[in-house]
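Structures incoming, each one as structure tokens.
Next come two complexes built around chain A: one with chain B, the other with chain C.
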Partner chain A sequence: MEKASHLSVIVDLSPTQWHLSAQPSNPYPLSIQSFLSQLLAFLNTHVAAKHENTLAVYGALPGKSVLLYSSSDPAPENAPASDANAFTPFKLVDATVVDRIMQEFEAVSEAEEEAPCSLVSALAKALCYINRITHPSTSAGPEDPNELPDPRILILSVSPDLSSSYIPIMNCIFSAQKLKVTIDVCKVYGPETVFLQQAAHLTEGSYIHLERRDALLQYLVMSFLAPPSVRGVLAVPRQERIDFRAACFCHKNIVDIGFVCSVCLSIFCQPVPVCSTCRTKFPIKTLQRLNASRPPGPPRQATPQTSPAKPSTNGHRGFGPELNGRP
Partner chain B sequence: MPCSAKASYKKLPGTLELNGTHIQWTQDGKKAPAVRVPHASFFSLFCSKDGSPQVRLKLALVNDDTGHNFTFISTPQSMALAERETFKTELTNIIAKNRSAPQQTPQPAAPPSHIKLPTNSGPITAASSTPGTPASFAPAASRAASVSSDGRTPIIPGTDAASDFRLRKRVLLANTELASLHRELVMTGQITEAEFWEGREHLLLAESSSTSQKRGRPGTLVDPRPQAIEGGEVKIIITPQLVTDIFEEFPVVQKAYAEVVPKKLNETEFWRRYFQSKLFHAHRASIRSSATQHVVKEDPIFDKYLEKDDDEIEPRRARDEIHDLYINLGATNEDHEETGNTKDFTMQAGRQRGALPLIRKFNEHSERLLNSTLGDGPAKKKRKTDDDDEYRRIELEDLNDFEASSGIVLEMQDRQRYFEGRGSGANGNADGDDPAKAVDIRHVFAEARKSTVDWSSRFSQLKVEKKAGDAAFQTMTQNVATRLKSKGQKNDLPPTLFASMRTCQTAANEFLRQFWTSMYPPIALPGLSNGALTTAADQQNRAAKAAKMAGYLGKTHEKVASLVEIAKREGADVSRVEVAMKPMLDAVDHATTFWSARQAKGTKAR
Partner chain C sequence: MPSAQPPSPEASIAQNSPHVLLPFLQSQSQNALTRLYQRPSSCLSIFRLLAPLSRQLVMNLLWLDSPVLAGTMAAWVVPDGKKLYDEALNTLTRLHILQSSGAKLALNPTFKASMRQAITCSGTTGSFGVPAQRDDRRDAPSVETLDGYAVQRWETILHYMVSSGQGQYPTKPTQGVLYLLQRSGLMASYHGSTLQITSSGFQFLLYSPHDQLWDLLLQYLHMVEERQMDLVEVLSFFFMLSTMELGREYSTEPLSETQKAMLEDLRDYGLVWQRKASSKRFSPTRLATTLTSVSPSLPTAGGSRNPGSAPGASSVANSTGINTNDHGFIVLETNYRVYAYTDNPLQIAVLNLFITLKYRFPNLVVGMLTRESVRRALGNGISAEQVISYLTAHAHPQMRKNNPLLPVTVQDQVRLWELERNRLKSDDGFLYKDFATQADYEYVLAYAKELDVVLWENTSKRCFFGTLDGHTNVRGFIERRTGGGM
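Presenting the complex of A and B:
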């Protein structure tokens, strides 16, 4: 019998990006209205898949992140009017999620300009939530550790990479690895995001970039409904090529060739005399040597999809990967 | 010590000689010995029975059980026997010496006779190690010399060229892939020996340190096993080696031998009766001997020496008092009372009484083995008498924290910037024409507010278009199917083609390695002079090497093209060959682009 599974969904609710996504100039425009409907259907599917399944929904809004719904919350006082066409638990999830989104949009719209979307903060909250439910205090939790749900996170992203959030996102990834939480990523709109690709790869989740955005629900159900424990049997689509590049600490640019501080492992896009993170001073000779070894002329035009990052100048020098016997 | 005799080897008549360092056999009428084995590789000795028509002697070597068979052909046979006896005694001594003294390390300053390798050590060594021309060996030797003189990589232990060469050969023999690469590149003269080993010094170091390790005595118990059983007859082959081993392991047999042979029994009779006696069965290292107890005959001579089974509660041989607190587990007993661990009663040695003699025998054997390694030198005694400070003896050095350092504290400056980081590129998208900028924010917020209105009626009408759904389904299935296909795919390239692909790939990798090591670290910088490193000659050498490697790399595309050609001819999947070689070609292209860019810059500078 399958274990119960916990799903934390992080919804990227950047009004600007959703506005852009709905533009008819896109190949397959997707408005937030249509997105919400398909998302609700997916949430209901997860809840329906097994009685013990639990759910948490986070919204990543401009400048803040909120918990939109959690199945462990007590039912609200003013329960929505029952609907002959809807199963009440589903209706409860749907109504709570949409009402909260509405409230948050009301609150945000006071602002003069849109702050960057706090996806990382939502991710961190989701991880904390999962940590709490997988490590219950001894009195509250079930006796058998096998009864604890199998946790995973699904990120529905529309915003581009925020390179300033590189460090926090990497920290989130490491915590997820430690908690054995799978992070799945569905890139609904916008360019590929390097960091989320890495997040999915490092936690053995799958990263999907939508091609037919009008069929979002199809993607959600096929790729993200199966919990990780089932994926050994039921193959789900995955990203084949992953961009492993990192963002430098100094200018927050995503770099092809980085220079790594030998003390604190900070990454810089150019050789620096003093590490800005730990104030380690580097010998002038090293600087000269590193500068001399940088590629001549203008930086080589990178092809992000095919060339993995070279995190340090010492390791890779462009050797081809070993032929592993299976061409 | 030196002795010689007429003996045949592989049915050819000749002379067998034993001198101070080697045993050698020379065919009649030839000058050079056909077999020449140094003492150190003698492992064991077998002789034919005294009554047999041929007087044979077999010498097994370390790492070579087949060894060499010699037949003594002097007439009359008694003379052959006598000659063999001489050889036997000498060889037994040498073998005993080999076994007791753990393998000596090859001495760096070996006399010239040692450097010459035994001619019979196999054709592989000759193929992989002997440089094709003296010319290609010369740079290797000079390189070795320069290494030891400038002191940059001083730890290569064989300072002279010969032992350096032997070391390299051993590394190549142990690593077939490296050997084939070596054959491919160095034997054909594309890369010199010195270039090949540059950057691989660690392999040599590892090899030299592993060979210089002391090998201890083999720890097997002496347990002669019957070889053939015909009609109840048990046959045990007694080699001189076995006799020595038995005497060492069971002193009581040696005592019996000394007292009985040759007065009461001759040697053959002695061993025959010993192996039938209760004494022998008591000495066997297994409980199964008790089953044969009843078939063993009474033997008035050997039964005298029989000892009572060592299965009393106290072992017969009183255990040495453990003086060393360090290994006496009971000594620190009082420290562990409060930890609350109950004692482990599940394992009681000798609950089964029959096993007790065996357990004790094993223990004694282990003790003997350890003592022989330790040597009964003064070290042991010194430890015992040195009991001034009991505490110091139970102190574990590893547990002492000599340098209580708190590590390097990472003091991040300006944390705010890192964790909330609104750096210059905070908006992520460095492109100037960010579409997000061109959006009227008020309008967008209004749109967002409206988006949730009347959600439930829209939700009830949710419908995924069939066409879109099918397309999505197709792409996802394809994604999974590709992975499944590559997982289930067999490697069905023709083996020869696959082998040449691998060769091409490893060769190109080696060229790349050589190319980049001649590029980095750059030496053309002033102020970076690392002693002898940046002499003009050195620079020229590096430039020449880089040019050479770039030349080789330039040909890689041709090589791959020819591989593809072969694949076409052999009916293999051409695209798979191309895909397999692609990463390597990318790396090669990167290197060649780099090289031509540098060349262009160099000419401009001039």
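Presenting the complex of A and C:
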């Protein structure tokens, strides 16, 4: 029997970026209003596809993330009156999402607008939600594995990469891999983001940078509507080139060549005497050799280093951001 | 690498057989279907019944204004999925959802317009049911009331069927239901006596409630013509019910005469609840609102057995019964013993079809699968596979830890018992014997073999047995030969 499917959508609601996106100077200006109406049609389509499909919508706002809609919530008291022309679940999704977004936008004050969007916290919440629905409490007895929804996350991003969120994003990706959650990314506006490319690649999702932004809905339907079980037969576009660069742990810069701690695999943009994560001290000689062999890059050298780290030719994979909680 | 993927994606999707209603819809005229597609609720419900790939194709085309080249569309699917894609196209074309003009394909304009209205919640067709005005004197029926009503109606029908085989007659369903059961061949009356369950009726009892319901509704649709009802109105009423909300009251005012007449039938089946037959409002029950979902079911007896026990189930799902009948109650041991944790007379009666009941406790029935009991079931027309699939579908959660779920010994034995009955095979036919010469015999035999009508032959006795169909030919051949020889 065909499985139900769960979709968590994370909407990047950065007011600044949406303002920029709506500027008529863009090749295809897209305002938040038109974006939302296309998004709602997409959400309705997901709900329409199957009776048991579930949906959760998260908003990433400056400095915080909120759950805008979840199909497991009980219907609100002031539910919209049933309408003879509308399918009630659609009506409920649309009204709830729009109301909540309006509330949140009104609550955003001038000062907050400049705070970076907390995409990561929305992602983490979405993963927690999926974990909860795929692993129901043990008291309910062993569930039939065929009944579990087929979970995935769709990120609609407009903000650029936030390098300080590198470690949390990587942690989320690892959790997603473990939960077998597919992360899809649709870059609606703004430059390519390295981290989200990696998120989609590592969880076998697709990353799409929107070229014709007026055709958002068509992109969404053709690439992201099908649940993972159906995607096997669909020719879904995939990212061919993925930027695998990592961000260093010390300055949160995205680095081409980094230095990796030989004990805990933390990444640094320059040789350091003591690993900031695991407190390992490196021998002075190695450090001097590494400093000598560094390419003459932009002079960001701090005081001369006195301990070594292992050079890493390519800074991707093999690092262990999970370890950053170690004493 | 295709070979490296353990379960091929195609296999995992292809195993879903199409919904029983689709072949019926495909047999309807384009005119009728187009009329049906004028209502957004019908489009939405039919869309839900489609296979996953067909749904994806419909959605891909929905927002396009111009037709798409067939070649472009084929490129949406990877080469491995070609077979599925062709099937999907075939289904959609026969449903007249997809129309081709030359080398280009597009959605049926009526379907496209209605589907767009459904998705964007626009339009003024009122096809999702007009809610009744709030009644200040009386509250709308609660979900529990509706569930209780649906279960009671449905179980009355099934219980009547199952007990008719044993000569007991509990509460009779209404005349309309009895007529439907008779027309659908689930029950028959022999020599003018009372109705008796037939072998297809026994098989029917082991289906899931969803399949049972659609089985009956399909029969209802087949009867529509002779009752001079409009098929499109009947279908669109079913689809409207399936998109309605459980626990809400709807007004009967906007319904057509046909649909008002249907209310009475649907009340008898437990799909619709009305306070009085003359009431101006009606509420759909869970049976109706889950018509187009794939894994719905009847609430277990007692209604709200485990509300909210599935944290993953959404409020939409909760309000439509995803958590109802999903936990089984049967434990089957390798020694053929069956423990059924139930006190539901219907479930016990169904079990009694193929097990020998031994003890009965307030919440537990114990029985044995024996040769006699299984042979009795087989005699009633139930197949071994149906017995096994019933036990699988209703297995207790504890059983679900086993792999395979049912003990292999028991499964094999049930199948062997079925094979026992198939040791003799009877065929009607003719025996050809007393051939004058061996050459004559061989000549005729060779001819009969060419026609593939020989069932048995014995060369030493110069005789063979041919089927009924082949007789005219063989006889003609012999006559021509003897005639020619004279």
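Operating definition for what follows: the second predicted complex is superposed on the first by the 280 of 327 C-alpha atoms of A that agree within 3 Å, B and C clash if a C-alpha of one lies under 4 Å from a C-alpha of the other, contacts with A are read in each partner's own complex, and residues count from 1 in each chain.
Here is the rule we go by: a contact is a pair of C-beta atoms (placed from the backbone, for glycine too) under 8 Å apart; a residue touches a chain by one contact, two chains touch by 3 or more.
Bear in mind that the values here come from a model prediction, so they are computed numbers and not experimental data.
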Clash-or-fit label for the pair chain B, chain C on chain A: fit
Which of chain B and chain C A:Gly232 touches, first, second, both or neither: second
Chain B versus chain C as contact partner of A:Phe87, first or second or both or neither: second
When both partners are placed on the shared chain, which of chain B and chain C touches more of chain A: B
Which of chain B and chain C A:Val260 touches, first, second, both or neither: neither
Contacts of A:Leu202 with chain B and chain C, given as first, second, both or neither: neither
First (chain B), second (chain C), both or neither touched by A:Pro149: second
Partner chain in contact with A:Leu162 - chain B first, chain C second, else both or neither: first
Touched partner set for A:Leu67, first chain B, second chain C, both or neither: neither
Partner chain(s) touched by A:Thr54 [first = chain B, second = chain C, both, neither]: second
Contacts of A:Leu217 with chain B and chain C, given as first, second, both or neither: both
CA minimum distance (chain B, chain C), superposed complexes, angstrom: 6
Common interface positions of chain A, toward chain B and toward chain C: 41, 83, 85-86, 94, 217-218, 222, 235
Complex interface listing, chain A residues touching chain B: 13, 15-20, 28, 31-34, 36-38, 40-41, 83, 85-86, 94-95, 98-99, 101-102, 105-106, 108-109, 111-114, 116, 160-168, 208, 211-212, 214-219, 222-223, 235-238, 240, 249-253, 263-264, 276-279, 285, 288-289, 292-293, 295-297, 306, 317-323, 325-327
Chain A residues touching chain C - in the complex, by the definition given at the top: 1-2, 6, 41, 44-45, 47-52, 54-55, 70-75, 81-91, 94, 132-134, 136-137, 140-144, 147-149, 217-218, 221-222, 225-227, 229-235
Residues on chain B engaged by chain A in the complex (per definition of touch): 408, 410-414, 418-430, 435-436, 439, 441, 443-449, 451-452, 455-456, 458-460, 462, 464-465, 468-469, 471-473, 475-476, 479-480, 482-484, 486, 489, 491, 493, 501-502, 505, 508-509, 512-513, 516, 520-522, 524-525, 527-528, 576-577, 579-580, 583-588, 590-591, 594, 597-598, 601
Chain A-facing residues of chain C, complex: 5, 8-10, 12-13, 16, 40-41, 44, 47-48, 52-53, 55-56, 59-60, 62-64, 75-78, 80-81, 84-85, 117-131, 243-245, 248, 254, 290, 292-296, 309-317, 320, 322, 326-327, 397, 400-401
